[in-house]
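The following block contains the structure, expressed as structure tokens.
We call the chains A, B, C, D, E and F, going by the order they appear; numbering starts again at 1 in every chain.
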Amino acid sequence: MATFKDYAYTHFLVTSPAPFVVHVQINRPQKLNAFSEPVWREFGAVFDRLSHDPDVRAIVLSAVGDRAFSAGLDVQDASNSPLGSGLGSDPSRYATALRRHIVEFQEAIAAAEKCEKPVICVLHGISIGIAIDISCCADVRICARNTRFAVKEIDIGIAADLGTLSRLPKLVGSTSWVKDVCLSARDFSADEALSVGFVSRVFESKEAAVEAGLKLAGFIAGKSPVAVQGTKELLNHARDHSVEENLRYTTVWNSAMLQSSDFQTALMSGLSKTKPTFEKL
Amino acid sequence: MATFKDYAYTHFLVTSPAPFVVHVQINRPQKLNAFSEPVWREFGAVFDRLSHDPDVRAIVLSAVGDRAFSAGLDVQDASNSPLGSGLGSDPSRYATALRRHIVEFQEAIAAAEKCEKPVICVLHGISIGIAIDISCCADVRICARNTRFAVKEIDIGIAADLGTLSRLPKLVGSTSWVKDVCLSARDFSADEALSVGFVSRVFESKEAAVEAGLKLAGFIAGKSPVAVQGTKELLNHARDHSVEENLRYTTVWNSAMLQSSDFQTALMSGLSKTKPTFEKL
Amino acid sequence: MATFKDYAYTHFLVTSPAPFVVHVQINRPQKLNAFSEPVWREFGAVFDRLSHDPDVRAIVLSAVGDRAFSAGLDVQDASNSPLGSGLGSDPSRYATALRRHIVEFQEAIAAAEKCEKPVICVLHGISIGIAIDISCCADVRICARNTRFAVKEIDIGIAADLGTLSRLPKLVGSTSWVKDVCLSARDFSADEALSVGFVSRVFESKEAAVEAGLKLAGFIAGKSPVAVQGTKELLNHARDHSVEENLRYTTVWNSAMLQSSDFQTALMSGLSKTKPTFEKL
Amino acid sequence: MATFKDYAYTHFLVTSPAPFVVHVQINRPQKLNAFSEPVWREFGAVFDRLSHDPDVRAIVLSAVGDRAFSAGLDVQDASNSPLGSGLGSDPSRYATALRRHIVEFQEAIAAAEKCEKPVICVLHGISIGIAIDISCCADVRICARNTRFAVKEIDIGIAADLGTLSRLPKLVGSTSWVKDVCLSARDFSADEALSVGFVSRVFESKEAAVEAGLKLAGFIAGKSPVAVQGTKELLNHARDHSVEENLRYTTVWNSAMLQSSDFQTALMSGLSKTKPTFEKL
Amino acid sequence: MATFKDYAYTHFLVTSPAPFVVHVQINRPQKLNAFSEPVWREFGAVFDRLSHDPDVRAIVLSAVGDRAFSAGLDVQDASNSPLGSGLGSDPSRYATALRRHIVEFQEAIAAAEKCEKPVICVLHGISIGIAIDISCCADVRICARNTRFAVKEIDIGIAADLGTLSRLPKLVGSTSWVKDVCLSARDFSADEALSVGFVSRVFESKEAAVEAGLKLAGFIAGKSPVAVQGTKELLNHARDHSVEENLRYTTVWNSAMLQSSDFQTALMSGLSKTKPTFEKL
Amino acid sequence: MATFKDYAYTHFLVTSPAPFVVHVQINRPQKLNAFSEPVWREFGAVFDRLSHDPDVRAIVLSAVGDRAFSAGLDVQDASNSPLGSGLGSDPSRYATALRRHIVEFQEAIAAAEKCEKPVICVLHGISIGIAIDISCCADVRICARNTRFAVKEIDIGIAADLGTLSRLPKLVGSTSWVKDVCLSARDFSADEALSVGFVSRVFESKEAAVEAGLKLAGFIAGKSPVAVQGTKELLNHARDHSVEENLRYTTVWNSAMLQSSDFQTALMSGLSKTKPTFEKL
């Protein structure tokens, strides 16, 4: 399928299989889609750009190749980063370099969460380390039955610092389960992920999962973009604020957004049973 | 059944089927219990009053009619509200009118949450839009198997602003599921609601569900009102505060509440295996 | 099994069944492991000490005897505390005494949560009142099938104030369920606890549950202690902070912790498929 | 001066000495403007109403009579409130009555702060107890030189609970001074109030102070009401939120408010050196 | 003057110059009252004990000797602490030791803030480093004209971590000034401290300052302890919470505290112009 | 003076008058240093770059020309931004464009605050609108006596949204004064700015003020950069967090930073009375 507009990237395939739907695929299968620094910098750039693109209303994120959604950090590459190079210098200065590096890394990963359009993450195969960090930034997670998940960082002697420990406890219901998988670094299956609510659906194959993801994206892309993007914003705000704070923020948000033409458009098409056409956003 | 004391309202039936138990029923079945402005203003008034009424210890909220708990906003009525009337004027002044309107609407719905007595919401049939907002304010949710839920607002071009987006993510475990239903506006069934923890029990019929709700209400009404109402307050506070903040608040709360005569009453009746009688609250 | 180092306590058995693994057992079976003031003060002391002990990397908490993990507060003993003795005096001064007492009680219970090493709580039999407060402070909860749980405080006329109401809503996914069990004080079973995510596994017998707990503890104790303890700290911080706050804290935390020798040790042993040996922490 | 529209109240004089300027005067001089329950309930009602009145853009609050802005709580009246009547009953039930009472009292006082229009408080003479609570809710405070301030509550054996302790530390710079006057209940003068920033100007007489307050109100009333009321809202929000939270809220607020016709109106009148006329708000 | 009860400490003189007034003096003048580890551990112990002592209602903190209130950290002693000893070891493990050490140090210093009774700090002479940390924990600060203040930590290559940077910005009005003195480590005088509101009064000599501190303490000690201690608690809570949060906390606090006999006692003595006698607290 | 390294910018002069000291001057005097979009984008870029530049330890920000530090927003330019161009379109889509625009504008201005090195702002002449927003992001503010300040936004019909309303209330002590100047848009003088603590020093001329700013910057640049930059970070964190949160953050921060060689370097140079030389940061 042709590249979406001029979204040509080294490590990501970006296509548009349906109107207003964009499909982003991690495209480094020979390395099991591991994340080196160029990969995560490009990841941030892609989602930052999609965020304000008026031709985009819903995004599916998946990965090229059969074996892995992502095997996580490219450890070989990381040895060239501050993580690998600073041993021996003044610990306070090494710490400063590490801190600046982690902040940039976190911000690149978080681009999928900050993206104003909904992101549906479709996982399959090996999905460990950064794969979890990334998928935690998506709005909806679905997966193939062969997905093998793990919060793997402890096995390389570090506490995960790109978002899994920040977000996972707020994405699923059972803290006992979260701590079990985070403290042991053990694998968990698609079914286990479903039963705890980490993913909301499991499909027999990667293909079926991607198809379902694209179908959901297409369904959402047919709705009012003002309503959809407002809903994502308000739900993300809700996660980190009290009900009262969120209600206040919602009120101000909707004081502008309820003036949208989408309200009339949606009502009319509802009455006439026709498919509404919404202005770009 | 006779109206509870002088709780005579246009859109709500209020009865007391058992001591200290009040049953509130939305009573606009001919409109599928849709909420016009007079309905939600009355809703707020009913729960504000029940909150401090010493003859009330537990409340069941359900709806009259077979087809719907509530079909949500009365869209026809809404066209007379600021939502429908301000198009064309200065957007900042229209926004001000909308903001004031939403705040009042939110406060009326939140009356069920602020009510000091536990509220058990029993849903059935069509339960969409405001039905979700309202039920999110209850303490316990149970439903009939025929309940058809939907966070429907996106289908009229708006982001839900009466509380669903603020509260739903904190009521169930799976954020992936919450975003799925909020971003797609799709229906979900009683069983799905049970499996994600939105409701805690499902019954074969509306009648069975209401009966179970009243039974639970009666059971709770037999407990110490100081303990029950304190538990509701502290759990609601916990939702929006850190553990440390909640523990501090709890400490101050109980510094007065542990001086209750209910402590002795409950201990004595526990030893003597008799039913305790607690002072009014 | 021999007492771990000089951890000799009146109400707790402390042993070390495997390297870096400590097993703490509540040891007051004749009183169904009920908590009097000396018990909870000792509980706090044990966990405060384990927290900084470099010979400890994972902890299992269970209880001696067949019948009960704990029957909760020792009501008889409590009558000698401020709770039982202040009736009749100036309510503001009685409140002050109660407040100081509750704070100390809360802090003792919270020692298991503040302990820097992961705590796996293994419940069985009667597990009510304080048993819930305590287990909510553990990182992972598993139980025997015969466990009978209840948030029992309402039945003695008080709102739970030692942590259950603060922590339980953040440990499981369904608020409707949380309010149901907290407002009704009803029993719930091991299977129910599993289905809502309060425990993450259920075993046929207490013995099997304890064995599984020790096995998990042993597994975790083999990992990098810098990574494990950092993970516990960051997950606990995440519960009470926004994602953004937690990411910032994580960044600073890891700016020191990524300088650990454990990173190299873990990488090397991963490559050489050998069991790593980490420095004490 | 004639009453403003139909703002006829028992304890307050409400007039409009200039376009869009309203002057509210506490009118119970024979009782030194002390606050009984009817007074504070009316206080809340007046400001709630002014908040949304499109004919109001700035408010001056002062008091009738030479001797006192307000002598604080009407202690005689208070003995009929829950404060005076509950001694001897179950302390937990008495506490519940007190809590409900304080909440209503606080909300009435806070109406001046929640009022969307700026409030300039002009104090003179005796200004103690509730006088401080009320003035802390105003936006700007100025006073006559003869004003005698005191946070007086400790002298009747209670900690101030209507807002002084909540707001005063955020209104002035020196915490050492705040604690000094709050813990000692000592008097402080107009000059001291000025030097610590509690008031921003001092005038030789009550008349001069009221005149200056009205002049400032008139000046503000000539500005864009969208800009003025937005500024009040955003400054009040800033007090209780981080800079980052406030910037986010500001962004959403102004996304509607920058669409105001006031922007063009103000720019044009600036260029043409004419007095702008803004639409009502 | 005789030691207060059995408050015999190595580094502190504790006396009671007036009923319910306690005078704590740092007593290490030969070392310019510098803080070694035994000194700060004792500091925490003294204030923890005073906090609940019913014979104490107000505390003055000053220092023995003419030259210094305190010259700050005892750097010689610090070289034996984790701060001085860990260089060269694994930075993550050294960081852990430092973190635990700082937490204990912070908690000892904070004991003066957590102490339930008001603390008036009287400074003189050299008052640098820890002297600032400590005085920031007091409620009221006054000083002798010869006081020489400095936030000195930058001059030994560290950012202050015992509380000055946390509290100072909330104690005075001008952030520009706070950053100036914290970033430059320059000295500032008593008059400058007064003009920015760090201290609330300056006296010609140490003796005059101590006398004034004791007089204020005596004045406060004559007031209702329920009211005074509640006022300290609510003001400290206000610093770190929104107005709304503080009002809610205040409401619950006073629901018990308004039931105090001090209310009647204070009212009666006010009417009869006699000195009230309050029960111990 | 020569441009600092390759810091060549269109609207800013960047020089280094002393080791580790950088002087940034707004350089658009012909437009009274008003901010068009290219200006604020460059402003953000300059400070983002200085933040991590190891040759920079302290920054002075002033402006070229005699008449103005800055006259604020370049209104002519703004008419080409979303602010000026969207009138008439769907208000919800216009609001979206405005929101995205304001966020980018805010972030550019905030770069001076996020910059890891201390920024000393030296104001003179006309200093209105954005001049206030910018200076609020600096750490220390000083000014020439001829400075004429105003929070001017209300006079163009908008509430300030680039940071003044968020930060000013936290920079000075008197809220009454803040609201006075923000609600009236009136001018205030250098002396008034000094008396309320907005600036910490006033000089007779721009030249004297700049000289003093550079001298302070040079003084700070001679201190340990680890200590100085840590102090800025912790003070900025303190503004937006509770004391307890800040203490916890400080602890983790210093667990790495106390391992700095600067500690030994500073101690040694203190003992030897020599000027220390610190490694780059």
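Everything that follows uses one rule, which is that contacts are C-beta pairs under 8 Å (C-beta built on N, C-alpha and C of every residue); 3 or more make two chains touch, one makes a residue touch a chain.
These numbers were taken from a predicted model, which means no experiment stands behind them.
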{"item": "Same or different residue numbers at the subunit A/subunit F copy interface, by half rule", "value": "same"}
{"item": "Of A-D and B-C, pair with higher C-beta contact tally", "value": "B-C"}
{"item": "Whole-Å separation of chain centres (CA-atom averages), subunit A against subunit B", "value": "33"}
{"item": "Centre-to-centre distance between subunit D and subunit C (centres being mean Cα positions), rounded to whole Å", "value": "49"}
{"item": "Residues of subunit E engaged with two or more neighbouring chains", "value": "91, 94-96, 170, 172-174, 196-197, 226, 239, 252-253, 255-260, 262"}
{"item": "Subunit E-touching residues of subunit F, taken from the complex the two chains share", "value": "118, 139-142, 170-174, 196-200, 216, 219-220, 223-224, 226-228, 230-235, 238-239, 242-244, 246-247, 250-260, 262-267, 270, 278"}
{"item": "Residues of subunit E that touch subunit B when the two form their complex", "value": "249, 252-253, 255-256, 259"}
{"item": "Residue ranges of subunit F touching subunit A (in the complex, touch as defined)", "value": "52, 90-93, 95-96, 100, 226, 256-262, 279-281"}
{"item": "Contact set on subunit B toward subunit A in their complex", "value": "75, 83, 86-87, 91, 94-96, 98-99, 102-103, 106, 110, 153-161, 163, 165-167, 169-170, 172-180, 182-185, 196-197, 239-241"}
